[in-house]
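You will see two complexes here that share chain A, one where it goes with chain B and one where it goes with chain C.
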Partner chain A sequence: MKQMTISKQAGVAAPLFSVENLSVSFATDSGPLLALDDVNLSIHPGETLAVVGESGSGKSVLSLAIMGLLPPTATVKAGHLRYDGRDLAGLDKTARRGMRGKDMAMIFQEPSTALNPVKRIGDQLVEAILLHDAMPKAKAKARAVEALAATGIPSPEVRARAFPHELSGGMRQRALIAMALIHRPRLLIADEPTTALDVTVQAQILDLIRDLGRETGTATIFITHDMGVVAEMADRVAVLYAGRMVETARASDLFTSPEHPYTLGLLGSMPQLNQRGEPMLPISGTVPDLRRMPSGCHFHPRCPFAQERCAEERPGLRALDRGRRSACHFAPLLETLGGQA
Partner chain B sequence: MTLLTLTQITRDFHLRGGLFGGRRVLRALDGIDLEIARGETLSLVGESGCGKSTLGRIVAGLQSPSSGEILINGKPALRGKARARQIQIVFQDPFGSLNPKMSVGALIAEPATLHGLVSRRDAPQRVQELMRLVGLRGALAERFPHELSGGQRQRVALARALATEPELIVCDEAVSALDVSVQAQIANLLQDIQKKTGISLLFISHGLSLVRHISHRVAVMYLGRIVEQGEAEQVFANPLHPYTRALISATPEPLPGTGGNRLELEGEIPSPLALPSGCTFRSRCPHATERCAAAQPPLETTGHAAACWHVDSLPEYAPRQTTPPERMRAALDLYRSAAARRTPPLEETIN
Partner chain C sequence: MFARLIHRGVTSLIVLTGVLLIGFLMLQVIPADPAVAIAGPQGTQEEIDAIRRHLGLDQPVLLQFVWYIERVLSGDMGRSVINNASVSAELFRAAGPTVELLAVAMLWAVPTALGLGILAALRRGGIVDRLVMAVSVMGVSIPVFWVGLLMIQFAARTRAFPVQGRGGPLWTLDGLSHIILPAVALGLILVGPIARMTRTTLSESLYADHVRTARAKGASEARVIIHHALRTALLPIITLIGLQIGTLLGGAVVTETIFSWPGVGRLAVGSIIAGDYPMAQGAIVFLASAFILVNITVDIFNELADPRIGAKT
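This part shows the complex of A and B:
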């Protein structure tokens, strides 16, 4: 078991992991594309941070950047990743590989593509164990079965001998979670881990991730576009739009008083927050092409509150009360715009 | 007026049971009775493997039932092209159902000309009408599927379905793969089209939130049977079947402090090859008794009803808190009124 190293600075615990001013661009045939534009976030031990965004928001690029798995076409233009006080920029590929699975691990949306289809579940777990811990194979096998049992898989000895296709989607996701948590990583990235699952299975998996996180003090970055899942899981929320962070807040604050029009649009797209039978309040239009970004605020062509200023001036992520931040010229929205309605 | 009547629809799949296993029968649908009225949205909800997609395909005429009767407007359902004229289906993945080598215009014109509804000469005009109906800019007719966003592709699939002027469209997880904001756009579009054309919709989904929002009636399926049906409002306000309650309870709500204290459902859906006797839900049901193993509970086909032996003795349903906080509601209202004031509407200035 690892020791929690929480260094105290002026009474505030240092974050386990932080992303500072991260910009990532991709080389494409039609020119460079800025997938992440000056993104900042930090996460403390035991905390769950939800990163919310739709396709094209850059949330998957963010998770790959954190894991050190960006493809060769990507360039980190600026910024730092800091893990437990260490700057990861200085580390070579081998050192980063040494961290993956041990210090930080990831769970993907589609468990069937993340598992090797021709290898038994138990053998894949044993392989993951031996990658970072030398031990006799029999001991590793026993540990693999224990790990499966901890995720609530019934008759784990039998499942360990199964191939991935012999398990249901929910079981496969449990096996993948067992694998991700086998070395007790202090940072877990869950990239839409329940999107492909049925709701009752989703509920089980969400509980599992939350319970295991609580037991081990793991910090979890939970990537999703489902505001319902965010409300269930997150301590804090960061909303991404077209490569930029547009709002961050404690989850309880975000759902009480959203302070960016895009966040409002995402909430308005949830059927639960609309009157039955009435048209829903969607976000008009589509996510912009990252190669032809709108000027000023990226959201202004789709924003019902947009004024001339929004097309000209990029709003920074501004601090509001209660530690909230919004990248909207008009935040706090109700105070600034409420008089117009 | 009733458009579609299904009576005792059963569908078996015959499987070979391995090298020496002999034949086995998988009953995907077991005695389904269902009616859809004109202009009505009926939703089929349930988890993977409950048979909802098989039922949708049978309604659309893409599969035949093993037994049972299908009536359309009181007459035995036609097959093949004649059925396709009346009932169309839209799938989850429009990328898989649109020919990548055909332009949007050609894709939308195809069903209309195939059914002899427009001449080749008038086809472009009909294409423009249909594109307007589904909210696509006319200039997109020259484009190809790979040049469109997921939402635009699903609009094309919908325009193709509408081209035959059908009486019913089966939407099989038609919005499940889309981003949430695009799901809301397509759901609004479906309701709008229904208002304009009086079309009926069979909406198949594993997610409950959207179903609650757009359906008139709901049928909840579990392992090939309907376990509860009724007016959507009643089913969601007072779910009678333990399975429906578990589904509603498992659906995450976008409200503060909703985590935890769910009605947990134990285990997973059993294999349809080894169904429990009696009520098939009993292996996961917290209220199951000996009676549930002995015989299958019947389902009333009128009003709001559930197939459960204990429907009268279950604990009273405690609905979850669903009112958004005051400030969130005020902000959403502000957004809504600002969006309504925009001229031209934002939607048209972008697509």
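This part shows the complex of A and C:
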């Protein structure tokens, strides 16, 4: 019995949530567009998984697919979402809706537009409460104020009566966080929650998400393009490039020895990690147009290590040591390319 | 909000003075001479001159305007030069039927337009959407007098509805059957623009960030649409409805004339044709004030519906 608990803690336990072979395509005027291509990831209770990539890599599509909020132009072509062992594909719309906001919640990128502009903050929280818990309105109101207070909003009773435009950006994001965490969801998706905020407010919001997440034992999928945020928040990292997952590793491993040239590029374009005086290494080129994807490895036109093989053969995600996986023909990079570098 | 209302009131007064002036001057340049009208076909030149002096028509135009404003302010809009009836009393009598007609027209047209617009927005690109848009474009392009005439044709042949006049209060069967045709003809003006506006704003707001947040909270689709998407889409729609009421007042003039509806619009047209100065002026001032009043009301509604408006100023 005791051994079992130990083995659970060692990571053998079933993940809280997993994405298996997920492919999502969008119908566009110029034909279907594959936004997510065979993506796999899993997250354990209490864990923070960062999903990293440039704009257009499919990060936001991934988060919407997990929440079941894809726009009608998008279709899930293949794959499964598993929550606590249950396949979400088997659920009807009503059951899926019942999970949203209760079992899984989401914090969005733009706090200025993510709140309903014509409803009071408190009323929006009360709505969130009453959607999943039947209780008298007065009680829900009290709970809304409590939730606002828990996010560190000063004089929460006053703020609850305010309209969104009367609050600062940081305050709005706190309100949205309060709303997302009000039912203590086991899975939280944070889609670039600090991108639209001032740097000083960013740090506060990150602390808040981490602290509240820890308090409630919430597993967090943190979507970002900012490697600094990843370093601060993540236990594990999954790197997306042009709709495919190219690398996944523990955060500490990813920062010390990235196993995909794209990750290397992402780290090179992060100012803090560079030695003083050393030039920053931006990734050359731009994210490819999803409709005209390069052959073979999608990254090869921008890859400093690309060889002929990369243009022809698509690399699969291969397992390396310590749970790392990379979709590069040359992983592990140091051993294969050590001579060149 | 009260400061803004006072501000609106003051500007409205200025607009109203302008309306009085334009209405007054327009009737000055119209060739019809009220003195001739009063004197009748047998009137001699001396009689006509005497009437002109009696009415003050021989005085400078500006003086006549000042007198007119004075009289309007004291609630006296003069007397009809045709039948010597009090203009205020006539307007008061005609206002009821006009308000009744406008109200019934809006009562069916606004919900219908909203419904059609919502339906079109939810099934955008579908058959329903195209049908709704085709019908609403038709509603915009077909003039109200044409629709009215077609309806009279139809009603006259089938004898389904009375085509002329008002049958009495709305709650009587006669009153109801009389108002149906003019109200339908008049309301058709509204359906097109409001349906289109609803479709456009709603199909945008259905995918707005805050609506996505509502979905992420686990709200049902009906709740998402009604409480969140439509709630914010409503603001431009309310503004449009307010503007359309102006068109509606204009349409009421035509509709009332076609269906012999005893309202202010018919009174205005009738008195202009008859060269009845005071009556025409009264009707024009009445219609303009109604329009201004509607605009203020729309402003208040908008302010209530959107807390951001008050905050901006």
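Quick note on the criterion: the second predicted complex is superposed on the first by the 322 of 341 C-alpha atoms of A that agree within 3 Å, B and C clash if a C-alpha of one lies under 4 Å from a C-alpha of the other, contacts with A are read in each partner's own complex, and residues count from 1 in each chain.
Going forward, a residue touches a chain if its C-beta (ideal position, glycine included) is under 8 Å from a C-beta of that chain, and two chains touch if they have at least 3 such contacts.
These numbers were taken from a predicted model, which means no experiment stands behind them.
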| item | value |
| --- | --- |
| Chain B versus chain C as contact partner of A:D226, first or second or both or neither | first |
| First (chain B), second (chain C), both or neither touched by A:A149 | neither |
| Which superposed partner A:L320 touches (first chain B, second chain C, both, neither) | neither |
| Partner chain in contact with A:G265 - chain B first, chain C second, else both or neither | first |
| Chain B versus chain C, judged by how many residues of chain A each one touches | B |
| A:S55 touches, of chain B and chain C: first, second, both or neither? | first |
| Partner chain in contact with A:G285 - chain B first, chain C second, else both or neither | first |
| Touching partner for A:S168 - first (chain B), second (chain C), both, neither | first |
| Which superposed partner A:L70 touches (first chain B, second chain C, both, neither) | neither |
| First (chain B), second (chain C), both or neither touched by A:P301 | first |
| Complex interface listing, chain B residues touching chain A | 47-48, 149-152, 179-185, 187-188, 191-192, 206-210, 212-214, 232-233, 246-247, 249-260, 262, 264-265, 267-268, 322, 324-325, 327-328, 330-339, 341-342, 345-347, 349-351 |
| Chain A-facing residues of chain C, complex | 207-210, 212-220, 227-228, 231-232, 235, 305-308, 311 |
| Complex contact set, residues of chain A against chain B | 54-55, 154, 168-171, 198-204, 206-207, 210, 225-233, 251-252, 255-258, 261, 264-274, 276-277, 279-287, 301-302, 304-305, 333-334, 337-338, 340-341 |
| Residue ranges of chain A in contact with chain C within the complex | 67, 69, 71, 97-102, 105-106, 108, 110, 113-119, 127-128, 131-132, 163, 165-166, 176, 179-180 |
